[in-house]
Amino acid sequence: MIKAAIIGATGYTGITLMDILLKHKDVEIKYITSKSYAGEKFSQIYPKFESITDLVCIEENINEISKNVDVIFMALPHGIASGKINNDILKRTKVIDLGADFRLKDKNTYETWYQVEHKTPELLNDSVYGLCELNREKIKEAKLIANPGCYTTASILALSPLVKHQLIETSSIIIDAKSGISGAGRSLNIQNLYCEANETIKAYKVGSHRHTVEIEQELSILNHNNKINLTFTPHLTPMNRGILATCYSKAKNQVKYEELINLYKTFYKNEFFIRIKNSANDVETKFVTNSNFVDIGISYDKRTNNIIVTSAIDNLIKGASGQAVQNMNIMFNLDESEGLK
Amino acid sequence: MIKAAIIGATGYTGITLMDILLKHKDVEIKYITSKSYAGEKFSQIYPKFESITDLVCIEENINEISKNVDVIFMALPHGIASGKINNDILKRTKVIDLGADFRLKDKNTYETWYQVEHKTPELLNDSVYGLCELNREKIKEAKLIANPGCYTTASILALSPLVKHQLIETSSIIIDAKSGISGAGRSLNIQNLYCEANETIKAYKVGSHRHTVEIEQELSILNHNNKINLTFTPHLTPMNRGILATCYSKAKNQVKYEELINLYKTFYKNEFFIRIKNSANDVETKFVTNSNFVDIGISYDKRTNNIIVTSAIDNLIKGASGQAVQNMNIMFNLDESEGLK
Amino acid sequence: MIKAAIIGATGYTGITLMDILLKHKDVEIKYITSKSYAGEKFSQIYPKFESITDLVCIEENINEISKNVDVIFMALPHGIASGKINNDILKRTKVIDLGADFRLKDKNTYETWYQVEHKTPELLNDSVYGLCELNREKIKEAKLIANPGCYTTASILALSPLVKHQLIETSSIIIDAKSGISGAGRSLNIQNLYCEANETIKAYKVGSHRHTVEIEQELSILNHNNKINLTFTPHLTPMNRGILATCYSKAKNQVKYEELINLYKTFYKNEFFIRIKNSANDVETKFVTNSNFVDIGISYDKRTNNIIVTSAIDNLIKGASGQAVQNMNIMFNLDESEGLK
Amino acid sequence: MIKAAIIGATGYTGITLMDILLKHKDVEIKYITSKSYAGEKFSQIYPKFESITDLVCIEENINEISKNVDVIFMALPHGIASGKINNDILKRTKVIDLGADFRLKDKNTYETWYQVEHKTPELLNDSVYGLCELNREKIKEAKLIANPGCYTTASILALSPLVKHQLIETSSIIIDAKSGISGAGRSLNIQNLYCEANETIKAYKVGSHRHTVEIEQELSILNHNNKINLTFTPHLTPMNRGILATCYSKAKNQVKYEELINLYKTFYKNEFFIRIKNSANDVETKFVTNSNFVDIGISYDKRTNNIIVTSAIDNLIKGASGQAVQNMNIMFNLDESEGLK
């Protein structure tokens, strides 16, 4: 049995980790921590877990915890994990960080976009960006995983085949993404109140969302290390869960739809969690709700030479906790879909 | 008092017309027709109208009706109005058609995109595209108004200043639009069932939605009659009402944000129903719900030279019945906002 | 023109007052106050009011305000208004309190259920319980109106005819009420977050909700001053607005359905805002959304001798701000529906 | 491996059966039938099943199917199963009917409330009402299970301890139940359209819902075979899934809250799927969504001597397909929670 700890178990990603790991046949959750709820039974905070687990939240003490577990999941707001992880801990245990601190390879980019000092830049080189389908080999050897953001997972997987095969003008890339409200977390914020978020849709952080640089970093690598700048626009959608990314890019030359579909099917042919659809119309967030699947649909608008790719994920699963467990499965050499079916 | 008739009063746009016209101080509704509910009191079909109106739906007989009213609102599925309107009727009364039959000036384009024969192409030349803010002078003289589509209203108003002033590469225009479910009408369709449409979002008719050509037609006129082709992607969003159009285009040259804002404020400076916001983030469908306002917000992503304009309307009001009444007000020389405040 | 002030204009009832009063032809809003937003334009806090009002929130100073207005609407949390209103103010201006402080005639009952001291019990006798349909004559003469609670309005109006005519065992009364989330106000509370309140329903404050004693007080008066105790259970329903009260009581004797319907139609025959429906099935909150109507439907279950009455209101209108304006109309001898149609 | 068939796999209960059985380690689904979709892959009708199952819907031929499977789940509209099941089939295979045809023991009651002839009344005696917690011993031996209705499951389990121990005036029982829209099935019906069912709540079939007699039948048995008549009122709530039953009854004598809680904890002490909560406030449908749990909370209103019990289930799981699988587990002597955790 793999012994696991969850640091920050009571946010939405923490709960989802609990959901998945409690059913995972090879994992035993040893510790769950919570700043706000230390000392309380998890099932009292979240009654749906009654009769399922008796775990009690404790104060976070990552040094002690790291001595007794095989893997630590960090589900904390950005800027905190980078002050807690260090090489001593990484010698003892593997760490999967669901926050943003180790995703950007460049310290300056991180500090510019997150407006916080990075406290352990020396770890950035060794951390692995945990987008399973693209970085599987590195993940196998990793000690520290930077689990990707939700929008970024949907966006990168949607665009990778086009970028890698240099079919598109990269300067034309536009990602228009729509997220359920759980993407905003469980924080007390007027705009997250039911009556404020219900029956309305809006764009936010236009031109300034932090996932922009994360997407650019990974797509630039796929682009044979030529820097890509793109426009990313997130929207708040009145539903609990789910992300739909509608991705636009101009084909360099006229393409045939059949070639596009074949490209995607070939690119992802061994990927259980990626399902290629015949059209951008065939993708809908409800088809992936409560699952680790990524649905990707491809359309080609020959009138404008635009390729339109839609991709859908459950933001809390493939966009966070599901992918974290998928990473763990890879790191521990388990069936990649264990606990995720 | 202006005597009015509503042909097709029991769909969502018909109900909204009732809502507005019953409060309009210069209008008396003389007739309402319904194929499915002829003979029934409107307030029995829609109980919210009890104690408000005693009108009874009758069978449609537009020839007779046209002899007794000053204006007819047509709220029918496409392909029907073109078979009912003719010059005799237009000699007797003004007609505002909320359907699509008279929006496209080119018969072939209409027949290609709507897959139905146009029965009165001779009327296309005289009909006026009723986007009030752009065509006010023509509307004043019109006998037959083609009331714009919901997506098109939001999209054209968002992009007009940029196109008219030739600030953008028109080949780069992408419109990513999100609509509430009422946009699909009150028809019995599996995908419109509550449990199918709730808690999910999806794109539909990618690259093939009929509003594409309507937007192109009007923007091409503004573009000094140079043809524009663009990509338009509609999405179904789990809410009753509202459209948000997120419009992307590449600036021809680097621009300054202040210039953009000034351009929009100047372009729409006399328009009561258009409210210019300082950022694409400041637009949200709930701010325009139940009103005839169009909120437009402008952002500039200098990293990519993209201009991002969001616009929001209530699809049933400014996107249909509200604009129809605004057109009527213009045609009858009333205060343009009468009944719409 | 009636000069009005709103104390606490930025909560949900305050906004709704703004909505209604800005359209009221006989009212000019002179002052709006807000603790959190003093100094800010109302339309900046709530962008839907842009182009509609330029009013700016000020600090509350009720003494000064009372010298310059004809009516003050108080939209404050309970326990505050009783410390602000006094006889000096009431000599200068009429006051309509949308809070709970003057609803309960008995100081001890108030202090027991609200757990706060009542600071001006001397005003309780002169205040009038502003349930318009039942207390119209007293409202005409009142200086201080205690505007009823939302649940209480729906419940009392549903049961009054039965109680007044002594048709039911009053000890059997059960009111099972369902409210939209706006009933909880705009406060930052985990349970009001979108993802917490969406896709779920629950009872709360079972056996202990404060509206219980308010309903009992008024029904007891109608019951020829014989004290009624009843069970009231509120539920949180995933929708923005609306209350449905399902009211159960045992008929003293077998009754005929026709007698019941006639009783209700007669009891409310002159009431514009009350619409009697033929069955408890015919009442639905959406029929009264955005209106001041109360829909009441009556069914009789002869198998069990239970009378089931459903009533629906918009909690923010007839359940709060609409009824407040209706009260004002009565007090100032205006058409009772002015501003409410 | 248990070989199973699902007759009517494409309705909401059919899909939920697929969900559960595909993960059940002891079951192999051999056949799924569908009238509307025969010949189509299940994963094409419901894309969320892509990569999960390749099953294809076939035409229903229950006689042939019964020769090759161990258990048949019937998920059909009422009135159909009674014409398909017969003793020959029951000799070959076990049948779990999720419809209503075998729930009511009295043919006349069935025909009065369902307005359809019962075609195999001879089977009524042998069929077992599959409310697992109450009838486990009979279920073990059964050939034909009448799987309970959704409202009835929630209601009977909430009230059984009180009835069985004769603590309440049974003539005072009132059940006010709230269901998500999936309870209405996937049928094309105006009232189930998104824009009709969203943002509203209503009672329906007041005094006449068919589950009334089903609840009465089972509670009467628990009441030592003394007939109970009760009032049951279902409500449509704007959410996909979940039922909350708020159950009221008058205590015969004053009781102590502690006694009530102990009664419930004792009554259900060995029931994994029943979780007793300290208060009627502690029950919420979201805590049981996607699970087979029944949450029951108890409050006592000593002011009126009413006992208020709330119970929540997922209508598609414990209210239908989950309970069906729980029944199967009992019949085949498996761990009762297999496939349901």
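For this structure, a couple of remarks:
Order of writing sets the labels: A, B, C and D. Residues in every chain begin at 1.
Rule of thumb we're sticking to: contacts are C-beta pairs under 8 Å (C-beta built on N, C-alpha and C of every residue); 3 or more make two chains touch, one makes a residue touch a chain.
On a predicted model such as this, the values are computed, not experimentally measured, just so you know.
When every chain is reduced to the mean of its CA atoms, the largest separation from subunit D belongs to B. The chain pair with the larger count of C-beta pairs in contact, out of B-C and C-D, is C-D. The mean-CA centres of subunit B and subunit D are about 46 angstrom from one another, to the nearest whole unit. Averaging C-alpha coordinates per chain places the centre of subunit B 38 Å away from that of subunit C.
Measuring from the averaged C-alpha position of subunit C to that of subunit D gives a distance of 39 Å. Residues of subunit B in contact with at least two other chains: 180, 198-199, 238-240, 284, 286, 289. Judged by the touch criterion defined above, the protein chains are all mutually in contact, each touching every other.
On the side of subunit B, the complex with subunit A involves touching residues 171-172, 174, 176, 178, 180, 198-207, 229-231, 233, 235, 237-242, 244, 246, 248, 250, 279-281, 283-286, 289, 299-301, 303-304, 306, 308, 310, 312. Taken in their complex, subunit D has these residues touching subunit B: 12, 180-182, 186, 188-190, 192-199, 238-240. Remark: subunit D residues 23, 47-48, 50-52, 199, 272, 275, 277, 282, 284, 286-291, 293, 295, 341 touch subunit A in the complex.
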